[in-house]
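Two complexes, one shared chain (chain A), two partners (chain B, chain C).
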Partner chain A sequence: MLIFTLRRLSLFVFTLLLLTLLSFSLSFLFPGDQVTNISGQLNASPEHLEMVAAQYGKHESIFIQYWRYLTHLFQGDFGISMASQLPISEEVLNHLPATIELSSVALLIAMLVGIPIGFIAAIHHRKVTDNIILSFAMIGYSIPIFWLGLLAILIFSIQLGWLPSAGQISLVYEIEQRTGFQFFDILLSDSPYKWQAFQNASAHILLPACVVALAPATIFIRLARTAMLNVLETHYIKAAMAKGLNYRQIIFRHGIRNSLVGVIRDVGLQFANLVTLAMVTEVIFSWPGIGSWLIESIYQRDYTAIQGGLLALSSFIFIVHILTDFIYASLNPLAREVHHGSR
Partner chain B sequence: MNLLDVRNLSIKLLTGEKAILAVDRVSLTMKEGEVRGLVGESGSGKSLLAQAIMGVLDDKWQVDADRFHWRGNDLMRLSPEERKSVIAKDVAMIFQEPMACLDPTTTIGEQLAEAVYSEEFTGFFWQKHQQRQLAAINLLHKVGIKNHQKCLKSYPHQLTDALCQRVMIAMALARKPLLLIADEPTAAMESTNQGQIFRLLASLNQLKNMSILLISHDLENVTHWTNTITVMYSGQFVEAGTTEQIFNCPYHPYTRALVDSSPKANMHIPVKSRLMTLPGSIPILQHLPIGCRLGPRCPKAQRACVKAPKVKNYHGHQVSCHYSLKDNY
Partner chain C sequence: MTKFTSYINVLLITVMVSSMLIGCDSGSETSLSENSIIYCSEGSPETFNPQLITSGVTVDATSKQLYNQLITFNAIDNAVSPSLAKSWHVTRDNKRITFYLRKGVNFHHTQYFSPTRELNADDVLFSFNRILDTKHAFHQVSGGKYPFFQSVGFSNLIDSIEKINDYTVRFNLKRADSSFLANLATDFSVILSKEYAEQLIKSNQPELIDNYPIGTGPFKLKEYRTGSFIRFVPHEQYWDEKTTLSQLLFDITPSNTGRLTKMLAGECDIIAYPIAQEKIRQVKNLSLDQVTAFNIGYLGFNTTRFPFNNKLVRKAVAHAINKQAILDTVYFGDAEGESAKTIIPPSSWAYDNSIKEIEYSVAKARELLEQAGVEKGFTIDLWAMPVQRAYNPDAVTMAKLIQADLNQIGIKVNIISYKWQEFLRRLALGEHHAVLLGWSADHPDPDNFFTPLLSCSSAITGTNRTFWCNKAFDQIIQQALITTDIQERKTLYRQALNILYQELPLFPIAHSKRFQARTNKIKGKLLNSFGGIDFNGVTKN
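Right after this comes the complex of A and B.
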C-alpha cells in the first residue's frame, strides 16, 4: 500500500510539473509582453517593470526563467490579476471553495442516483425497466446544459418558486469567512440562525448541483449497467448460484462490490467533464466559483488569471482523480499490490 | 434406489432464427455412493448437462426432459424455483478454473462463511457469527488445508489454483451434499495437484458415501477414479456402463476410438507408430449433422445412420448405435 501511495504521489508531482510548463509557455504565446503576462503588472512604471523582469530572469536563459517561475509559484505568488490588480492566489482561494462545493455535491448526487439506477437496469436486463432507464439516460445525456439550467430556473424558481435561482446563500445571513467553504463556515459560525442559514445554503446549491449532475449521472447509469452485466456473466456468479444463494444475496454480496470496482475507475475520468459542466452552470446560476471567474477573465483578456486558474483547477481535478484511485484500490484487492512487470 | 434419474434431457439454445439443439435426449442415472464419469470431447455438452441439472443456465437456454427424478421425487412437477432449492440443498458443483469461480474482491473466509448452511445454528445472531467461522475452519480442515487462518484472510488471487479448487470443494461440502458434480476440476492444473484433488474426491466418496459425477475430456485419467462412465459426443448420448465395460470392450465406434487414442491402453503397439484417431473434429453448433452426429466421422457409418439410433441395453451396458461392436468381442 505504501508503494501504491508513493507511485500516485510521484505521478501527481510530475503531472503538476508538466502543467506548470504549459502555463509557463502560455505567457509567451499570449499577445503582449511576456513579463507583463506572467506577473500581471499592467500599470507599472518602467523602473518597476524592469525590477519584475529581473525577478523573473528575463535576461537569462529559458531554463533559469522557468526555474524562477517555479520558485514564484512555490511561494504562492501567481502574479496579480490584470483586471482587478489583486493577487491571483487570493482570487483563486476566494473562488475555488465554491466550485469544490458545487462539483462535489454534484458528483455525490450523480453517483448516488446514477449508479443504483444503472444496477437496477442491469438486473432487469432487456425488460421494460431497462429500456425506460436507457432511453432516459440517452435523453439526459443529450440535453445541452445551458438550456437545461435556464429551464430549471424557469420551472423551479420562477413558476413554482421552490428554489432560489442565483447565488450561494441569501444576503440576509451574515456568515464570517473562515475556511472559504460555505457549509463549513456556517457550521463553524456562532450565529443564532446557523441552521436556517444551512437550510438556505442547501436550497441554493440544490438546483445548480442537480443541473450539473444530470449528464454525469446518465454516464454513471450506463457505466454501472455495463459493469453489472459483465459481473453477472462471470463464473463466480454462476458458482454462487450453484452454492444455493438466492438472487438478492448474489447481487448484494458479490454483484455490487465487483461492479463498483469497474465504475469507480471511471468516476475520476468523468470528474473533469463534470467540472467543465460546473463552469458553465456557475455562469447561469451566478455562482461565485472559479468557473465563472475564469470565464470572465477570458472575456477580459486577463492572462495571469487564466494561467493561475488553469493551474488551480487542473490540480484540483487531478487530486480528485488520485482520490478515486485510492477508493478503487480499497475496493479491489488486485490493484493494491501490483508487482513488477505485471502491468 | 437411484439418486438421480434423468431421462431424455434436451437443451436448446434459443437464437434469433432457429433454436439449436445443443444436447439431444441424453439420459443419466446416478446411484448412491457411485462415482460416475461423464466423458466427451470439448464441446460435447457435458458442462451444459451438468449446469442444466444444477439449474444455473440463464434464459438463453431451454431445458426439457422426459423424466427428472431426485431420490424418487419427480422434480418435473415442481416450479423452477422449488426445483432449484431442492437441488441446491443436496447437490453441489465445482467448476473448472477455480480461480474464476471465486469472487476476486471478497476474502475466502467470507465466501466460505456464506456457503455455510445457517439453519443448523442455534442461539442468537452474535453467536451465529462465531459458529459460522468455526464451521468455515472445519470445512478447510476437511479438504486438507491446515493453515486455515492465513487461508481465510487471503483473496483468491493470493492462492494457487489447486488451493482454490480445494476451497471450492470445501464450499461444496458446506451443505453436506449427496451428489457432487465436478466439472473438469483439474483442468489447467499440474499433475501432482491433479492427483491431490482426485484423491481428495475419492476419499470423500469413500468416507461420506458422497456420489460424484466427474466430468472430464480425458477418458484414460477418469478410469482410475470412477465406477461407471457415460460417454457423450456432440450433445448426444453415446454409451454408458461400468468402467471395465467401457474401457475394455466398448460397444460404440466412438468409444472405441477414444480408447484407441489413449496411449496407456495401447502399450502393445509398436514404437513410433501413429495412434488411431478419428478424422475431422467435433461439429460446431451451427452445422450439426442429422441423425447420429458422429456420422461424418464414423468408420462404421452406413445409410441407416442418418436416423438417430435408439439406446440398446445389454445388461446395464447401454449403447446408442445401429452397428454396435458388441459382436466383435
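Right after this comes the complex of A and C.
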C-alpha cells in the first residue's frame, strides 16, 4: 500500500507540474503583455507594474520566471481577475463549491438510478427488458446536453411550472455565505425560514442535477450490466448454483457486491466527464459555479481567470481521481499490485 | 428477498422524501415570498448615486428606491409637487427660490451608518455643493463628473445656495429659468446625508459614499452582489407612506430570453423590457404594463436648403408618408410606439388636444407640390441614424418605407448613413436634406422639447438639426420660460405648437413606449412616463 501511495503521489506531482507549465506558457500565448496576463493588473501605474514584473522575474531567464510563477502559485497567489479585479483564488473558492454541489448530487442521482437499472438489464440478459434498457441508455447518452437542458426548462419550468429554471436558490432567502456550499450554509444559518430555504434550494438543484446525471447514468447502466454479466460467468457463482442457492440469493449475496467493486473505480473516471457536463449545464441554468464563471471569463477575455480557473479545475478533477483510486485500492487488494499508476 | 425489499424500500423512501421536499415547496414558501418582490432587471447599476450618471439602469435601481428629491413630479400630469420640501416660494423675478424643508425626515439606519439627526438644510447644501463646488471635499470622489447637471448648465445657472435656518434653503439664480424646478425634481437631484459624509471623512473612506448609499427613500440597501442581485429592505422610519413589502430584490438578468423564461417559470414577479409580448398577453396570470415615454422620433427637414426651405414641400412630404405603415413595421403596431401628432407626448401638461394628425393623402401631397411650384422629379438625401434608440428602433427600415412613399409623388430618395460620430458631425454641418432622428427629454418640463429641438440658439449650438429659426416661435418659448404661471405657460405653448403645425420644420413620427411584464399578484403603479421605476406603493397579493 505504501508503494502504491508513493506512486500515486509522484504521478500527482508530475501532472501538476505539467499543468502549471501549460498555464505558464498560456500567459505568453495570449495576446497582450505577459506580466499583465499573468498578474491581471490592468489599471496599475507604471511603477506598480514594474514592481509586479520584478516579482515575476520578467527580466531574468525563462526558467527563473517559471520558478517565480510556481512560488506565487504555492503562496495561493493566482493573480487578480482582469474583469472583477478580485483575487483569482477568492473567485475560485466562491464558485467551486457550487459546482461540487451540483456534480455530487448529479453523481448520486446517476449512481442511484444507473447502477440498479444496469443490474436489472444483466439479470434479464438478452431479453426484452435488456434490449429496452440498452436502447434507452444509447439514446440518453447521445442527447446533447445543452439541448436536453433547454428541453427540461421548457417542459418542467415553463409548461408544467414544477421546478425553477435558474439559480441556486430563490433570492428571497437571505443565506449568509460561510462554507460556500449552499446546503451547509442553509443548515448553519439562523434564519427562521431555514427549512423553507432548504426545500427551495432542493427544488433548484433537482432539474440541473438530473440533466447532468443523464449521460453518466447511461454509462453506469452499461458498466453495471457488463460487471454483473462478468460476475455471473465466474466459477464461484456456478458453485453457488450447484450448492442449490436460488437465483435471488445468488444475485444479492454474491453478484451485487462483487460487481460493485468494478463499478466504483469508474465512478471516479466519470467525475471528469461529469464536471465538463456540469460546466455547460451551469450556463443554461445560470448556476453560479466555476463552469459559468470560466465561460464568462472567456467571453470577457479575462486571461488570468482562464489560466487560474483551468489550473484549479484540472487539479480538482485530478485530486478526485486519486481519491477514488485510493478508495478502490482499499476495497480491492488486487488493485494495489498494479504498477505505474495506470490501470 | 429481504435484502431486495429493503433496497426497494430505500429507493422508495428517497423518492418520497425528495418529492415531499418539492411538493411542500409551493405550499409553505408563500410565507416569505408573499411580501417580497423579485424584479428582474436588465443590467447592473454602475453606482448607487444617481447624481453621477444618466443611465436608465442605475436610475431604476436607485433614484426612487433609495432617495428623495426636494420636489417631485406628480404621477397624473407631471406637475411639480412637494417631497422633502413641503413647500417653496419663488420670487417675482424668478431668481430666488426658497424651499421649506419637511421636519422629521430620517435617513437610513444600516449596518454601516447610524444617523443621529434628521434631515436638515445642511444635507441639502451638501448634496448640491458637491456638484457645484469644484473644491468641495467630495466633488472629485467617484470621478467628479455629474453629466446631467453639466448638460443643463447647472453651474452657470446657480449663483449661490444659502442656508436661512435649519429647515429653510434658498437658491439664488443668475437668471430666471422656469425649468429649474423641473431640474430639481428629476431622478438625478437626490439628497444625500452630510453626517454620513463626515463619518466617511473621519474613517478616511470617502469613496464609499456612492457604493454604500444612505438616503431618505422608502428602501435601504442591504446587500449588492455585482452582476447578480441587489437586496433592498424597507426603511422603517420613512417619512411618507411606508411600503408593505418585507424585501425588494433586483435579480440582474441581462439576457432577454433569460428574463422571459424566469417570468414564465414564476421566478420573477416583474421583468423589465419584456420580449415576446404577444406570448405574455396570452398567459393568464401575467399582464403587460406600458407607458409612453417622454421622447419623440421625427423626420427633420433641413430648412436652409432646397427643397425643404419651402414649407409647402415639407407639408407635401408629410402628407405623402404613410405613418401607420411605419408604426406597424418599425414599432410593431402600437406595441412599441404611439403615433406622435406633435413634438410633445400627450402626458405632458403642455399638450394640446386640438392638434390634429396630418392625414395620409397622396392626392393632397401632389396638389401641394404643384402649389409649391418646384420642378418634378428632384432627388433628396435622407439621413437615417445608424444606432438604435427607444424612439427609433430601426431608422434604416423607416427610411426605406419613406423612400417608397415619396417615390409615389415623384421624389427620389437616397438613404445615407454614417458611423454615429461621423453622422452627428456631418449633420451639424447641414449636409443633409432630411434626417430621421429623435430626442429623449431629460425632464418633463415641456421646454425640454421646444428649446433644444427648435430654437434659434440651438440651431447654432447643434441640437436643432432643422436649422429652423422662427422669431415668433422663439419669442413665445422664451416668454414661457420667464413666467411660472402654469396657465399662462400652457397658452404660450399652445401657440408654439400651432406655429409648428403651420410651419412643419419637422414631421413627428412616434413616441416610444416602455414596457414591463408582471404577475397579476403585483398591484400598484411602477412605471412613470418619465424617469425611473418606483416601488413605493407597489404591493403583492
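In the analysis below, the second predicted complex is superposed on the first by the 325 of 343 C-alpha atoms of A that agree within 3 Å, B and C clash if a C-alpha of one lies under 4 Å from a C-alpha of the other, contacts with A are read in each partner's own complex, and residues count from 1 in each chain.
Basically, a contact is a pair of C-beta atoms (placed from the backbone, for glycine too) under 8 Å apart; a residue touches a chain by one contact, two chains touch by 3 or more.
Keep in mind that what you see is a predicted model, and the values were worked out from it rather than measured.
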Checklist entry - Touching A:N258, do we find chain B (first), chain C (second), both, or neither? => result first
Checklist entry - Which of the two partners, first being chain B and second being chain C, lies in contact with A:A239: first, second, both, or neither? => result first
Checklist entry - So, does A:F28 touch the first partner chain B, the second partner chain C, both, or neither? => result neither
Next on the checklist: Let me test your reading of the model: by the given contact rule, A:A166 touches which partner, first (chain B), second (chain C), both or neither?
Outcome noted: second
Checklist entry - Residues of chain A touched: more by chain B or chain C? => result C
Checklist entry - Which holds for A:Y193: it touches chain B only (first), chain C only (second), both, or neither? => result second
Checklist entry - Of the partners chain B and chain C, which touch A:L334 in the superposed model: first, second, both, neither? => result first
Checklist entry - Which holds for A:Y247: it touches chain B only (first), chain C only (second), both, or neither? => result neither
Next on the checklist: Output check: A:S84 vs chain B and chain C. Expected answer is one of first, second, both, neither. What do you get?
Outcome noted: second
Checklist entry - Any idea which chain B residues touch chain A in the complex? => result 51, 54, 56, 85, 88-89, 92-93, 95, 97, 100-106, 114-115, 155, 157, 168, 171-172, 174-175
Checklist entry - Considering the complex alone, what residue numbers of chain A touch chain C? => result 84, 112, 116, 153, 157-158, 161-167, 170-174, 193, 196, 198-200, 202-203, 206, 248, 252, 286, 288
Next on the checklist: Which stretch or stretches of chain A touch chain B in the complex?
Outcome noted: 234-236, 238-245, 249, 253-254, 257-258, 261, 331-334
Checklist outcome for this item: In their shared complex, chain A is touched by residues of chain C numbered 1, 3-4, 7, 11, 14, 18, 21-22, 24-25, 28-29, 31-33, 36, 38, 222-223, 226, 228-229, 231, 247, 249, 251, 253, 258, 261-262, 264-267
